[in-house]
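Residue numbering begins at 1 within each chain, and the chains themselves are lettered A, B, C, D, E and F in the order written.
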Amino acid sequence: MAMAPALQDLEQFLFHEARLIDEKRWDEWGALFTEDGEYWVPATRGQPDAKNHVSLMYETALLRDVRLKRYPHPNAMSLQPVPYSVHVISNVMLDSFDAATRISVVNSRFIMLEYRRNEQQTYGGATTHVLETEGESFRIRMKKVELVNCDAVLPSIQIYF
Amino acid sequence: MAMAPALQDLEQFLFHEARLIDEKRWDEWGALFTEDGEYWVPATRGQPDAKNHVSLMYETALLRDVRLKRYPHPNAMSLQPVPYSVHVISNVMLDSFDAATRISVVNSRFIMLEYRRNEQQTYGGATTHVLETEGESFRIRMKKVELVNCDAVLPSIQIYF
Amino acid sequence: MAMAPALQDLEQFLFHEARLIDEKRWDEWGALFTEDGEYWVPATRGQPDAKNHVSLMYETALLRDVRLKRYPHPNAMSLQPVPYSVHVISNVMLDSFDAATRISVVNSRFIMLEYRRNEQQTYGGATTHVLETEGESFRIRMKKVELVNCDAVLPSIQIYF
Amino acid sequence: MTWSSERLSSLVRHDAVDRQVYTDPELFALEMERIWGRAWVYIGHESQIPEPGSFFTTELARQPVLLVRQDKDTYHLFFNRCAHKGAKVVELESGRAPMLRCGYHGWTYRTDGVCHHITGGDAAYRALGLDKGSPCMNLSTVPRAESYRGFVFASLTPDAPDLATWLGPTAASIDNMIDRSPEGRLEVAGGALRYHHDSNWKFFMENLNDMMHAMIAHESSAHAARQLGKKMLARGGALPPEIQILAPFAEDPDFFEKMGVHAFANGHSYSGGKTSIHASYSGIPEYEAALERAHGKERMDEILSLNRHNTVVYPSFTCKGAIQTIRVVKPVAVDETIIESWTFRLVGAPDELLQRSILYCNLINSSANLVGPDDREAYHRLQQGLQAQGERWVSNARYVDAEEPNEEGGRSATGSSDMVFRNQFEAWRRYMTADTASGG
Amino acid sequence: MTWSSERLSSLVRHDAVDRQVYTDPELFALEMERIWGRAWVYIGHESQIPEPGSFFTTELARQPVLLVRQDKDTYHLFFNRCAHKGAKVVELESGRAPMLRCGYHGWTYRTDGVCHHITGGDAAYRALGLDKGSPCMNLSTVPRAESYRGFVFASLTPDAPDLATWLGPTAASIDNMIDRSPEGRLEVAGGALRYHHDSNWKFFMENLNDMMHAMIAHESSAHAARQLGKKMLARGGALPPEIQILAPFAEDPDFFEKMGVHAFANGHSYSGGKTSIHASYSGIPEYEAALERAHGKERMDEILSLNRHNTVVYPSFTCKGAIQTIRVVKPVAVDETIIESWTFRLVGAPDELLQRSILYCNLINSSANLVGPDDREAYHRLQQGLQAQGERWVSNARYVDAEEPNEEGGRSATGSSDMVFRNQFEAWRRYMTADTASGG
Amino acid sequence: MTWSSERLSSLVRHDAVDRQVYTDPELFALEMERIWGRAWVYIGHESQIPEPGSFFTTELARQPVLLVRQDKDTYHLFFNRCAHKGAKVVELESGRAPMLRCGYHGWTYRTDGVCHHITGGDAAYRALGLDKGSPCMNLSTVPRAESYRGFVFASLTPDAPDLATWLGPTAASIDNMIDRSPEGRLEVAGGALRYHHDSNWKFFMENLNDMMHAMIAHESSAHAARQLGKKMLARGGALPPEIQILAPFAEDPDFFEKMGVHAFANGHSYSGGKTSIHASYSGIPEYEAALERAHGKERMDEILSLNRHNTVVYPSFTCKGAIQTIRVVKPVAVDETIIESWTFRLVGAPDELLQRSILYCNLINSSANLVGPDDREAYHRLQQGLQAQGERWVSNARYVDAEEPNEEGGRSATGSSDMVFRNQFEAWRRYMTADTASGG
């Protein structure tokens, strides 16, 4: 029977994922997701699904591709000057591990600073990663980010949480 | 002789405690404290005690009961709309462990965002947990939160740090 | 052959270092550096060196001595009232370890709140520690702090990140 | 120096406006009083207050207002302000309650605004002959509130013209959105998005029918979508809705010229009509079957072939019939504006339609979307650029000569014409300089 | 449009005030000049500057001031502003120093404000006949500063009336607080709490003697306390001070009607007297013994039976004799106010009393307390609700007819009367419209 | 009450100024118009736009401007504002492009500002006889832009005097910085630092030649450096540049008196000359060799012996020839200012010089440095202290009688004289009260 992954391995994976975002290593980051992997930032608390209610972001591989292609585009006005981020990830807890599917559900909390053109925004929330075990590492089937202020009147958010 | 608890166990306990607050699982949270467990947020730095100097919060079981009862009250104006929080806990260090009493003194640092009605506040500080060992887990005899801006002119603070 | 240090030991060292700053234990903090140890906060992203481009801070032992002597000076106007800090350190990753020199390169992320006279600033970024192994602990050969907003128009920064 | 009518008039030339209309805080304050205080301003949709006691709160010209349903046929728009000491009575955005209760001293009001309970008793006011029910003890009503087929607008001006008249031909855009429901009914569904803009509200209102910016400002996302779309087609796949939504933003200028723009009284306008960037969404058979059942083939084709892009009801409202979404403008300051977006369910239609509207809003209207940030950045740069005093006038000169009357009683022009902006500023000047409140 | 006396007068009706007095920034600026610049404003307590050289800094009408003790019998209130280039001389909130030194160029001043050292030498000023000690080289003194039994107030108006006269019968509330010390002395102790409010300062000043809000606004905490209290009593226990402090907030309206309100010249007032929410705190035998030793039984009973709730010294100060705490108002902007709370030790009394005052402040006045956030939220909703222009007037009509002269030379009314607010606005109008500075 | 010339004049006395010049928002707005809109304001250095197409963006009197090089010999200063709808055309701080492209609708401009491409075609403007190249279709040019040996200044006033004349004897400070290059050329190098100040811009401009503050305000760092320096010398070591830079800040008042101050027309000034805090930096033999090769010994000594401390070109610019650094003032609000610092490479000199300049800026000008925070704190305390209305006048009385004409056509005085401040306010009053734009 498969054993639950070590907390430290999960932490290191989450740190690695966050670092790829901060360092804008977009292709590597996208590759962390499974083919059907989803990235979701609900627009309300306890939002049941992303199909019947608007979200701040709800991206499958296709939309991630669009965004990742858009990032380097010279005429993407809102990305010139370039926005930068730093993610501080903590409170990593393993909520469940299914020995059969070897799927881990991991809960963590984060603060992310998004900086662009002399303005810095502070975001924070709880993240749920649904991770498939792949060899020594993991792939993301779902990354759900519950912002503490998901229903606030927000300015442009241009970097993944 | 009792052995000092593992750092990871202490971290997980602190993460669990913070999560109960963020998820408003108040009864579970209150139950983490010993009967004489105290929650204290001094109003000045190096404040020697809570009896002879005002504090931002100094709560024994009785006052925690009042607050926990107040939280769901429909006519608690300042809680409608509901305030939300996210706690990022880090820098967990075991300052001391008394093998005889099996009491651990744990130091950590945190950032907490409190959000309500389109306004987000950023709080941060150092926390000292005095923990009794209980079976595999711990109970809180004292949680002392030293805010970095404890003597600032602060708006309403409605969620535990 | 020397073995790479355990992540937990590196984390605890970084937590310890940050705590010395927050608690203003300046001499202990200075003593964590090697004689040629450097503290560097570049003023631009990917700044190649500190000699041919301005930095927010670039301090060798000599300048650390000046700053550490300055801290307690009664006539240091900008330090009266006293500024305070809290560092939340996370995402600690061991980037490399050289078994021969026993030098570890450690990457981490942080949020630091600097508070003074009713104003609180939020800083965040990525830190690279180049650590020499010394017995059970480490000494800092280089601490490089890459602020997410290193090129913003910043007010006075008076505490080490 | 105060803003006399003459001075205000001189800010608007037929082919240009003074940059100050976007940058001067005093002018913004006057706009709140004379434009937002005189025009019909969108409040909300009747489906947001379905039951007796259902309420909905929002702002009208930066003043708190409260929409409450009294019974099946009656609802009221009140200033959200307690008759006792003036506290905001209802703080939540929406909900339902048998009585409206003020949290400070516990006065309660019936859903018709009449005071029901006074803490400490009513005797206190007898000396002045006041009692519950005396006008000054009740919630005060906003001078005008009318619904156009469920869309509630309000005006602070008692003698504003009737709403339908004021909407003019833009009403047909609302009609079309409703007609797309097999049952002829809409319901707000899927939640709201609120997007903060650090710029003047008029930049957004102009951008909606600015046909020359999409292929430039939205190139990055639209081209990425097109490339991915090509690959999919090459692989023999169909275009997923994401691509159908994003790709048209990169249509060439000609496409947008052909869409055309149409301007009407009171600053209203729409673009498109025969075609728009929504025209080539793939059909939903089950839906069309339902619609045909309801209306017959001919009427259905008529309904679905009406392809307006953005319809602008100046100054506060814009809708997209083709995907059942609206956006609402909430000015905060001369350089600060909140844009809300709402989606609607076509009652009687399959869920796919609502889901497509929601997808559209995620992609175009959310704070983290792939298109809106570039518009927001454009407005930001306008706000910054217009700080420059080197040139007083902001040009509205495109095709100043080439407007033609249309059969709806307005004027039409090629897509890239500045006609729509000229038309908005004609209304702007009239509102701002009218001495009476008959701003409509 | 400028604020003529006529226009200012028209803002205040006997039974109502114009909402703008709470929302207009220009009126706020005028208040700083005419109310806060004319009235006596609380500065601090003599025990905060115990030794020669002890200093304390604060603001007076948003201007930095500095209270310094010269010797046992003398202290001075200066503008905290260097005579050289104008830098704030003392930055710390309090401390002690033989000389006051400006950090910019090192000028120093004696504790009597006379310049003692000029960096670079004095010769520089000889040409103008200036030297250390020339008035313009010294710290400048606030026009008026007086102490009422240790409580220091100041006025920017040279011809303000004498403090005791101006305080009128509210002085008795201060007396009572002092008399509760077996030695007749108070000492500031236990630190200060500073609470940020996003609303106009007058909402707080009115709330203090608003007898109809407690059982409503504070229901959640007070009821929780009552329930817990009941359980304890049922278990045969005594009520702990926490419950004794919180429970009375949920007394019924009648209780508060009976407390009554009492209004006096200059906008001052107090509520309670024979009873208050502090009346049923359990006694502290050791303390009463000490007090009886000092005053005898009869006088002790007289002192302890005076149970005033909040005494309001308009516009800046409020105190609670029964628990030896005061709150100080610091207006920041039309919609921003800081409330400070301070506790006092009754010299000669056991520590329990100070500890109860501290407990009270933790529970009622701290930013994280169980009662204050609901008051703050109420003021916030007032600030928002009064943005609504639907109704110009904010009512002060309760029991407009039912005021009676009291033996203290003021007027009294039942607890829920708006008399206190009417009285504050009578003073408001007088201060705001007085041409001379004799605002007092 | 508006600001008539009489009222403005009355704010400035020969020996003092009214505190409001530092605290009043209306006066700040007037300063932007009359001082920053009339004087020559520093824009940047030619080396920042080395190639055709190189551009650099900044602000002039809070308006966005754009410096672009057309070819080897020509460059232009434009308002950074699109001729189409007014968007800021270039958002990046610097870069290089063959054409300038506006991101909103894609209009492009040649490096001479002439419109090159209009999205949607030019026909649209024919009716008005407009086409690419018509003035209103191009980027508009800032009225005046001139270079003094590579240092580009601009004025919003067409009839401003010629730059060199206006600079007067302060030009020699720029000359000296350039002469220190063996090739007589400077290049911006090493990046920029931007430091936010929460205070009025004039505090910074005055502080630059305030000779009495260093040994007081910077005591903490300078003394620490001196102690460490002593130890090193004791150990027989040499003083490292860090110590050489920091230690002189703690020289005694006499040293600074001897440095002296020198004031000129238009508010300009400098301190030092024969000596300064930079005078005792150890020489760099390789550099001196190069300089001697270029100029000969005598001229070299002449160049290196000119030791001006800070040269102030009022209101926007200050330079230090001895270490090839400048600081640029960017006012944001009456109590908000951004200070930029830039370093220069002496073309033909060894890297050590640039590295010393960089070290200097790290230690003195960065937001995290060891000296600037105390200056910033001093300005903050001035901004706060001058809120006090107790004393209207801010003294400029030091050595009001002891100014002497100097051979450069200005006046000189001992270091601690307030002459420089008096001189700045003479210019301030002239700019502020001049009716014509001939503010220069």
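The criterion applied here is as follows: a residue touches a chain if its C-beta (ideal position, glycine included) is under 8 Å from a C-beta of that chain, and two chains touch if they have at least 3 such contacts.
In this text, all values refer to a predicted model and were calculated from it rather than measured experimentally.
Identification of common neighbours of subunit C and subunit D yields A, B, E, F. For the pair subunit A and subunit B, chains touching both partners: C, D.
Taking A-F and B-E together, the pair of chains sharing more C-beta contacts is B-E. Interface repeat of A-F: among B-E, C-E or C-F, the matching pair is C-E, sharing over half of the residue-numbered contact pairs. Separating the CA-averaged centres of subunit A and subunit D is a span of 33 Å.
Spacing of subunit D relative to subunit F, judged by their CA centroids, is 48 angstrom.
In this assembly, the C-alpha centroid of subunit B lies 45 Å from the C-alpha centroid of subunit D.
In subunit A, the residues touching two or more other chains are 75, 77, 88, 90, 111, 122, 152-153. Shown for subunit E are the residues in touch with two or more other chains, namely 91, 103-104, 216-217, 374, 377-378, 381. Touching pairs of chains, sorted by label, consist of A-B, A-C, A-D, A-F, B-C, B-D, B-E, C-E, C-F, D-E, D-F, E-F. Those residues of subunit C that touch subunit F in the complex are listed here as 41, 43-44, 50-58, 62-63, 65-67, 69-70, 73, 75-79, 151-158. Considering their complex, residues 91-92, 103-104 of subunit E touch subunit C. Put simply, subunit D touches subunit A in their complex at residues 189-198, 216-217, 219-221, 223-225, 227-228, 240, 242-243, 246, 338, 341, 343, 351, 354-355, 358, 361-363, 365-370, 372-374, 376-378, 381. Touching subunit F in their complex are the following residues of subunit D: 15, 19, 210-213, 215-217, 253, 257, 374, 377-378, 381-382, 384-391, 393-395, 397-402, 416-417. Across the interface of their complex, subunit B is touched by residues 7, 45, 88, 90-93, 107, 109-111, 122, 124-126, 148-149, 152-153 of subunit A.
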